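Going in written order, the chains are labelled A, B and C, and every chain counts its residues from 1.
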Amino acid sequence: MITLTSDFGSPYPAAMKGVIRRHTDAEMIDVAHDLPRGDPRAAAFWLRFVLPEFPPAVHCAVVDPGVGTDRDALVVRAGAHVLVAPDNGLAMPPARALAEGDAAAEVEAFVVDVEEPASQTFHGRDVFAPVAARIRARLDGGPAAAGPEGVAAALDSTDELSPAADPVDIAFPEPTVERDDDGDPVAVDGEVLVIDRFGNVVTNVPGELVRGSDWIRVDGELTPVAETFGAVDPGDRLVTVGSHGYVECDVNDGRGDGAFDLRPGDEVRLVGDNVSI
Amino acid sequence: MITLTSDFGSPYPAAMKGVIRRHTDAEMIDVAHDLPRGDPRAAAFWLRFVLPEFPPAVHCAVVDPGVGTDRDALVVRAGAHVLVAPDNGLAMPPARALAEGDAAAEVEAFVVDVEEPASQTFHGRDVFAPVAARIRARLDGGPAAAGPEGVAAALDSTDELSPAADPVDIAFPEPTVERDDDGDPVAVDGEVLVIDRFGNVVTNVPGELVRGSDWIRVDGELTPVAETFGAVDPGDRLVTVGSHGYVECDVNDGRGDGAFDLRPGDEVRLVGDNVSI
Amino acid sequence: MITLTSDFGSPYPAAMKGVIRRHTDAEMIDVAHDLPRGDPRAAAFWLRFVLPEFPPAVHCAVVDPGVGTDRDALVVRAGAHVLVAPDNGLAMPPARALAEGDAAAEVEAFVVDVEEPASQTFHGRDVFAPVAARIRARLDGGPAAAGPEGVAAALDSTDELSPAADPVDIAFPEPTVERDDDGDPVAVDGEVLVIDRFGNVVTNVPGELVRGSDWIRVDGELTPVAETFGAVDPGDRLVTVGSHGYVECDVNDGRGDGAFDLRPGDEVRLVGDNVSI
């Protein structure tokens, strides 16, 4: 299996699929091709959320504002998963998520020895898709393809790969938590990570900080904390914990980004209302 | 085969696909993931239109404004087809369409015995995808999976399913037809069911009511009735019968919803112009 | 393999897939379903760009403003590739691109003998998908399906096909190049072919006309020529050569169509700045 992720829209990803089909018959599954343009951090967030749902696969992810510059092409192994991506950090957070909980799974990164590509603007087609396809074919054709060790051995013996000395990484910002004398949280200064299609505002605040609260102040505005959208009336605001485990600022049947006036990168302050935050 | 339908946009459906791949290698085909948000009736309309084109399959359809509330998760058998969906009515109209014309095909609904899901907001991933995948694997692995009887037997013997006493249903509104003394239709009061991507306004008026007419008044405005968009000039309005069999109010190379000022749920009155409507 | 291309949005293409699955288990790959509405020329451009990446396949492409009129349905063979499309010209430029460089690959067109379809508005489902599926099944089931000769023989012996006397073709406009006394290009009058999702303005000017230049005047405005978006600051304009080989007028991290005020069909004049253009 090869998963495909990009900010290419359409029909560019189809060109990548054509190229892959010249190398391998492996199944191709689209993760998304409408990710925020040129934003490796948003891509890293969504891949960290989605890829761990998959069984071991080769994941080709191209959000690449530096296409055509001298940034490297990376192959990252996370257990029995393989990510193929530009060296701009987008691969590392999902790689760590894929490795989590698997004792045998270390993360190791390789630089691809890229020959002069056919274009300077579409490395999805000319670099990343062929690399992903060749690795997929190698894994499927080898005698010991199963498990992290098999994948590690296959990558180690691939001529076009050499260990990456210092791959670019992306660190998501950590929220700042204020606690009372008992150590209970009373306020947290977080940051908006991404906005989804529904306008839901995903912050970097871990969900456990608000669970158990009924109300919370979001940038001063008292807002109900609910487990489900349906707990408030259509059009009403709520704070909830999304399926990724982070606090979201949402509107039932509406857009949280508009109602809370929040954009990716904005700071957001949550203050408890007479309860642990 | 598993078809997937939702209002999730991207990349959420990919998480469902990852989960499914942990259970089964069955093919996955997307029906749509950009259906109108939180609108089970629109979902029911489109699924009733699309699913009968497919050979027997498991259809996982999640448009679920009540996610996290105590609404049930349903499995509905329609002949040799299986629908997996929230119990908000969206599954029943397509189930009836799938059963139509098949003597052996009755529609029967089951409630899923759902364990505490990992999230309260993404049951597509945590409830519906796993159920669909397990049913698919059971059907593919069983000795008698073929035909309505095989599917019925497989569902009957599935521990996590029990008969649904009273599944929610969606009834599409029926138009009101005025007839002359000879019983020929002269006017009809209908309703807008959905708007498609092109801005075509799909009503609940059966196409046979306008076939044979050359002109018709739509909310008073004289409009040509045509079999094809090309029968009128670009930018001009027309009434036609869509591929689903209902009357549409459209614009050739333009948007009917704008030109006719119609939205889903709006009433629309069609009056014949000196011909049977 | 069957590729699918349309301007249908969603969920209409799923109906085509359902129909195809009743005829064949062949893999289906989406090229795009959000192509500019009713614009066969744009479809021809994108298919010419994308389809040559694929190994031999059946390509079903439906951008069909004349649906329901008496335009023919075509099957076009290009080497071992087969295109199924309305006879409005969209199939011919990609067919020539697929045949290019393959001595054995001639392009030949057939008219489909179409029975009365179920609808006059959705021939994607009622005409083109079934034709593509039947050809795919015939090719996969035959003894000599491999290679251009096998495909040619299969099509020749298909009852529903007869040679097309004069299929509609689309010619992309050629730019007009002004040259100095040495024959070097100094200016070129081109035309905008398409705008992609990023707002990149794709012209009909071959990339080799600007390669080697550092600056160029686009409709009078001095603009840097760069190999990569990253060569200019975010928000800045550039001229580059896209992965299709044509000159593009773009903005790094922005929209070229807005910045250059260009739309499909607009003329654009490029003048060299003291260098061969």
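Here is the rule we go by: a contact is a pair of C-beta atoms (placed from the backbone, for glycine too) under 8 Å apart; a residue touches a chain by one contact, two chains touch by 3 or more.
Everything numeric in this text was worked out from a predicted model, so none of it was measured.
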{"item": "Mutual neighbours - chains that touch chain A and chain B alike", "value": "C"}
{"item": "Interface sides of chain A and chain C: same vs different residues, half threshold", "value": "different"}
{"item": "Inter-chain centre distance, chain A versus chain C - centres from mean C-alpha coordinates, in Å", "value": "32"}
{"item": "Chain C: positions in contact with at least two other chains", "value": "none"}
{"item": "Partner chain A, residues of chain C touching it in the complex", "value": "1, 3, 5, 29-35, 46, 49-55, 196-198, 227-231, 240-243, 253"}
{"item": "Touching residues (chain side chain A, partner chain C) in the complex", "value": "8-12, 14-19, 21-22, 28, 37-38, 65-69, 118-122, 125-126"}
